[in-house]
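Look for subunit A in each of the two complexes below; its partner is subunit B in the first and subunit C in the second.
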Partner chain A sequence: MKGKLKNAIESVGLPRIIIFLFLVLLFILTPFVGVRFDTSLNDVIIRFGMNGILVLSLFPMVKSGCGLNFGLQLGIIAGLLGSVISIEMELIGLTGFFVALGIAILFAVIFGFLYGLLLNKVKGEEMVVATYVGFSSVSVMCIMWLILPFKNPNIIWPYGGTGLRTTISNQGYWFHVLTDFFRINIGNYISFPTGTILFFAFLTFLVWAFFRTKIGASITAVGSNIDYAKSCGINTDRMRTISVMLSTIIAAIGIIVFEEGFGFIQLYLSPLYMPFPAIAALLIGGASVGKASIKNVIIGTFLFQGILTMTPSVLNSIIQSEMSEVIRIIVSNGMIVYALTRIERIRLR
Partner chain B sequence: MNKRSNLTKTMNPFEYFLINFAVPILITIIVIIAIPLSGLSWEFLIRELVIRLSRDSFLILALLIPIIAGMGMNFAIPLGAMAGQIGIIFITDWGIVGMPGLFLAVLISTPIAILLGYFAGIVLNRAKGREMVTGFMLAFFMNGIYQLVVLYGMGSVIPMKNSSILLSRGYGIRNAINLLGIRQVLDNLIAIDIGGILVPIATLLTIALVCLFIIFFRKTKLGQDIRSVGQDNEIARSLGINVEITRILSVSISTILACYGQIIFLQNIGSLATYNCHDFVGVFAVAALLVGGASVRKATISNVFIGVILFHTMFVVSPRAGKELLGQAQLGEYFRVFISYGVIAFSLALYAWRKRVEKENERKKTMAAKRSIVVNND
Partner chain C sequence: MKSKEENYLLKMEHVNKDFYGNRVLNDVTLLVKPGEIIGLVGENGAGKSTLMNILTGDPVIHETGGFEGRIIFEGKEISFSSPFEAINAGIGMVHQEFILLPEFTATENILLNREPTKYNVLSEIFGDRLNLLDRKEMEKRATTAIKKLEINLNSEMLAKEMPVGYKQFTEIAREINRESTKLLIFDEPTAVLAESEANIVLKILRKIANTGISIIFISHRLQEILEICDRIVVLKDGSVQKELIPSMTNSTEIAEYMIGRELKKGIRKFTEKREFNNTILEVNNLWVDMIAEQVNGVSFKVKEGEIFGIGGLTGQGKLGIANGILGIYPAEGEVKFKGKIINLNNPKFVLDQGIAFVSEDRRGLGLLLDQPIFWNIAFTSMQVKDSFTRSLLGGLVKWCDNNAMIKMSREYIDSLRIKCESEKQLARELSGGNQQKLCLAKAFVLKPELIFVSEPTRGIDVGAKDLVLDTLRHYNNQYGTTIIITSSELEELISICDRIAIVDEGQIAGILPATSDPVEFGLLMLGKKTERVVK
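Take a look at the complex of A and B:
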């Protein structure tokens, strides 16, 4: 019995269980500290919809054996370019949103292709190279945001300044176009973001279906055993490039959906550390450096966003401090360190 | 180690030189172009360089030993920096000034640095083959613990006497602390005026001492062990070396040196940005070392000093050059951030690419050898 329990804990992973229990505890505490349970749950769902696609974007690269995508910023930059150009063109509503997506995907295909070529050259060291490729691309874009010839007065610095603002509001353009799509309001406290959740479900389904196709299966084969895949006649480099492009494209879509819910487009240095929460969420969901599933994406996003939403509201009302930010840093980065130090067991199959 | 890799064997020496020193050459060109553009006087530049040489070299020297141990760039040196900052916070709280204060800070922070270094060593041992990215994430994680201790623990759990360094709510250290008590005490201990430039002899002597320590250390039994661990873990193990302990020791030494390095850095700056001055310690140190011509596998003391001079000259001149060239100082700021990250990305990619090509060649060779055996048997 004891051995069985130990096995069960080992297979789920101790940190994941602790995080799950912590979240349950937070939910139980809500009525006692004067926080409404239904509002909190609703907040978690809204944030789940906003962040889910970014977490999903990590999935193809883990599948192809490229590891955790520490260079997520490349996709985010493509998304930012798409959304800024769409606003520059003064497009409003769903048109603006989909034009932003289209332009973003265009950039993501280019960035993802080059990024994939680079990662093929550095097999075995993808993660550390990706980290710094991500960082340097963010700093290149800092220069670009300053010198690109944008003209719309709503997005450039006022009073004759040059360059884009650090934070651009998308209100009046395509703010909440997804969130308000068939929005369901129950009572005063629950407002279900149907459009966002549907969009996330749709993309998740597409990714799931893609990995059932021949190319998808080949990518999985490359990820689980590259030599075996090579001997089967699969072009491993090509499969890896496809997975990297896919990751970058989904990340570009993910950041636009995030902005749509958040209301602001954040430029300059703000994408710098964005990969880490997404990676932490995937890992909390049960993924490891070499293994992930759609289930991990959904559970992980829910648990991680749950903690992010609940700790501030519950903790602040108990001990009157903003300790939640520190807890967030420790949980998310601790989770990544834990995953990196776990020795991958060789899967016998 | 002088044996050239299979990849570079086919190249002519000029190409070999270009690829190996692409980063230093590129930065030298940038610096040569940017110095006249910035319009800064030579006197100003040299004064800045002397300051930065004495301020930053120590931290970069801390990177050397893990490289010898084959663990790559130690992106976990912010752990040492945080240990140093805790020592500095305590002596500021107790109001101990001057050289005694500095020594006390060293005394307090050394055990913390040893502890953190040991912890980092254990973590990195469990992440063999991806030490760099793990070290990097470890620094992020430890930043959370540091904030927990300094922002919430100090003044509530850990007693603090001096309320002027605490936040107005009664616990937690302020965002910025003035280090008037130890400001440049080491720099001014023996300072000689050479042609209008104040040279901090004591600090430079300390740095020289560390260089001597590293040179001497390489020759000791432990130093030799570290070197053989760096060349091949399995061979080292068969020689009877405890690979795990050796790696933990090399990371610990690096963390302790980083701790002292940060203390020297802070006494020069004269103020402590409590929550973010350790953020960029790792990145800037690694970038400077790479600019000095080091690689992930090989770094020498001369790389450290060439790196500090080139990297920091670029740091000083690029905002001014950006302003003169394009009318925006901000552009130069972003440019130097880009260079720091870009240099690291480029060098790591080059290293990984080479490693892979070598592996591939090795495999081809063994395959060819096997095939020839089969052919001979026929």
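Take a look at the complex of A and C:
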């Protein structure tokens, strides 16, 4: 009995159990601090659907041994380009949404390919280089958003007539097209975003299936042991590039789904820190720099978004102050630090 | 009796040492007089390094449970737990691979951590550690050490700019610069040197010995040993096989003791003499750039259905041959398989031809340690032959057929008797012997016509060794598969091969039938080239 319990704890992982128990505690506390339980639960589900794909996008690169994608911004930028171009074209509803996806994927393929070439040149230092690729690409785009020839008055600065606004609303275009797809309302406070969750599930299935194919297996082999893969005659650089492109494409899709639920497209500096919550979520889910599974993606997104939603609302009610942003930063960066120290220990062993 | 005891500088008596239950030293007794040069010879794994590690207080010894026996140095019983204690007591070691700081000059390297220093104001506050280096005094001491060796070494030269020989001289100068040094251990000091440089080193050794410092000299070059040693101690399988006096012996006799006479009788697993007709593999002038296993132009032919052995001492290049042909390390030259030229540096091409490789680097190159057994067995075959995949969507997607992999793996787990909980267990969790069988299974699944197997029994226990060799032999018998085995253990090669090539200094020293006198292999390994090549 004792052994079984120990095995169960080990297989789920102690950190996850602690975070889960903390999350349960927060939910139990809700009625006592004047926060509605059902609204909170609904918030967690909605945020889970919005962020899941961004977390999923990290998965292929971990599998191929490129580490955590600290250059997630590149994919996000592709997604932003897709979104603003679709709105520029005045496309509305699902058409607008899918055109945005299509354009975003196109950009993501190009960005991902170049990014992949770069990462193949810096094997072993991918994460450090990726961080700076991400940061600098955001800065380059700060210039591009200003000089790209967009004309739609809804998205450019009202004065001067050139350059995109920092925040663009997608309401009236494709806001909530997924979320409202077969939306299920239970009572006044719960409204299940069926479309978003289905879309996330569909993409997750695609990624899972991809890694069950021969090419996916090759990528896994490259990630587990690059020398082994070479000796099997696998073109390791090509496999790594494919995984980087895949990560970038999924990130591009992920940000569009995020915007779809959020209602706004945020340009300029806002993608700068986007990789960190996604990475933290994956790590909370039990993944490490060299190892990840679909299970880690789903559990991690749920726990991380749960904590992010619940901690501020519950704590704010208790101590009567606005701390949500601070707590969010502490949790997400703390998780990354924890995970990065964990790898060192494994390597030294 | 008492006076005789004092005559010895070092007495190592009845030393025993186990590594995880493997006995590597068995009742070794080694006596060294002051000013004497002792030659220590033995095959790889005979126990030379372990014996020296015990003497110099290598931490590995303590971490693995210490040793049994007594060591008496200058009349006192000693047991060092760190190399520093050994150095302080006066036992120095000159390593085979140079331990020098590349950006430092000869002087700085020689006096490293023993620099004469000058007092200054800061040392008043922070202590001796902030004393200034006394450059002049350093220069003087270094030059004295160099002069003692009677060599022409510029004390200002940076270590990274020195030719190999000079690096070796610097190492030696560093050791003799210590006032307290009474015993020096030279671990193959001439292995990487040209002949002229090696001769200088030998002269230096003599000079050092003449000043009263004792020397333990480890070398595989028997001529050198015969030339400068006062006494020769031959180790085999962890025990002292024989003590010889150079003037009363020759290299053949030493080789015999090293290899062991008993090898001559019946260790071969089969006795019939087999005849082969077709040449399956032809290697012409192959060069391989593999660190520490450089191959410098080897040529040989292997017949179809044969078990061909490649032997030789560590670092002589025997491992480079298989790694080069399979494209793991950069190679040049001409390799023909069944008359067709093999593209070198292209593993995929070689695998496609029906050649498989079981690497010596089992955990590094041979296995996906964090993946299940069935994946490990099936993966190469899936990559090379598209087996265990199903085409979906008109061939657009190649879906991995896990069930087919598992079914096939069960067959191999049974036939090779791989001990595991299930085919889903991770490769990491298996023992060394079972991991090796996994590597063999991986190669067998490819149904190859030629298998390269490198160090098949390295790091696995005795029982598993026999199983692995039997498996290879059986596979060869049943399917007529040609097998090329590279191994450091001559016995193993003799036991199952038809012919054995011995590699020395990156070249083939000779190819002999496995039934030849083992001493001949020993001589080939030790660099006595013979012209005899069996057709």
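As a working rule, the second predicted complex is superposed on the first by the 323 of 349 C-alpha atoms of A that agree within 3 Å, B and C clash if a C-alpha of one lies under 4 Å from a C-alpha of the other, contacts with A are read in each partner's own complex, and residues count from 1 in each chain.
The rule is short, and it goes like this: a contact is a pair of C-beta atoms (placed from the backbone, for glycine too) under 8 Å apart; a residue touches a chain by one contact, two chains touch by 3 or more.
As the structure is a prediction and not an experimental result, all values here were calculated from the model.
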item	value
Joint occupancy of subunit A by subunit B and subunit C, clash or fit	clash
Subunit B versus subunit C as contact partner of A:143, first or second or both or neither	first
Partner chain in contact with A:227 - subunit B first, subunit C second, else both or neither	second
Partner chain(s) touched by A:214 [first = subunit B, second = subunit C, both, neither]	second
Contacts of A:118 with subunit B and subunit C, given as first, second, both or neither	first
First (subunit B), second (subunit C), both or neither touched by A:129	first
Which superposed partner A:334 touches (first subunit B, second subunit C, both, neither)	first
Of subunit B and subunit C, the chain that contacts the larger number of subunit A residues	B
Partner chain(s) touched by A:291 [first = subunit B, second = subunit C, both, neither]	second
Subunit C collision site on subunit B, chosen from 44-52, 206-214, 296-304 or 368-376, when both complexes are overlaid on chain A	368-376
Subunit C partner contacts - residues on subunit A that touch it in the complex	212-218, 220-221, 224-225, 227-228, 230-234, 291
Residues of subunit B defined as touching subunit A within the complex	123, 126-127, 129-130, 132-134, 136-138, 140-141, 143-145, 147-148, 151-152, 326, 328, 330-331, 334-335, 337-338, 341-342, 344-345, 348-349, 351-353, 355-356
In the complex with subunit A, residue positions of subunit C that touch it	326, 328, 346-352, 357, 359, 361, 364-371, 375, 379-380, 382-384, 386, 389, 397-400, 402
List of subunit A residues in touch with subunit B within their complex	70, 118, 121-125, 127-129, 131-133, 135-136, 138-140, 142-143, 146-147, 162, 276, 321, 323, 326-327, 329-330, 333-334, 336-337, 340-343
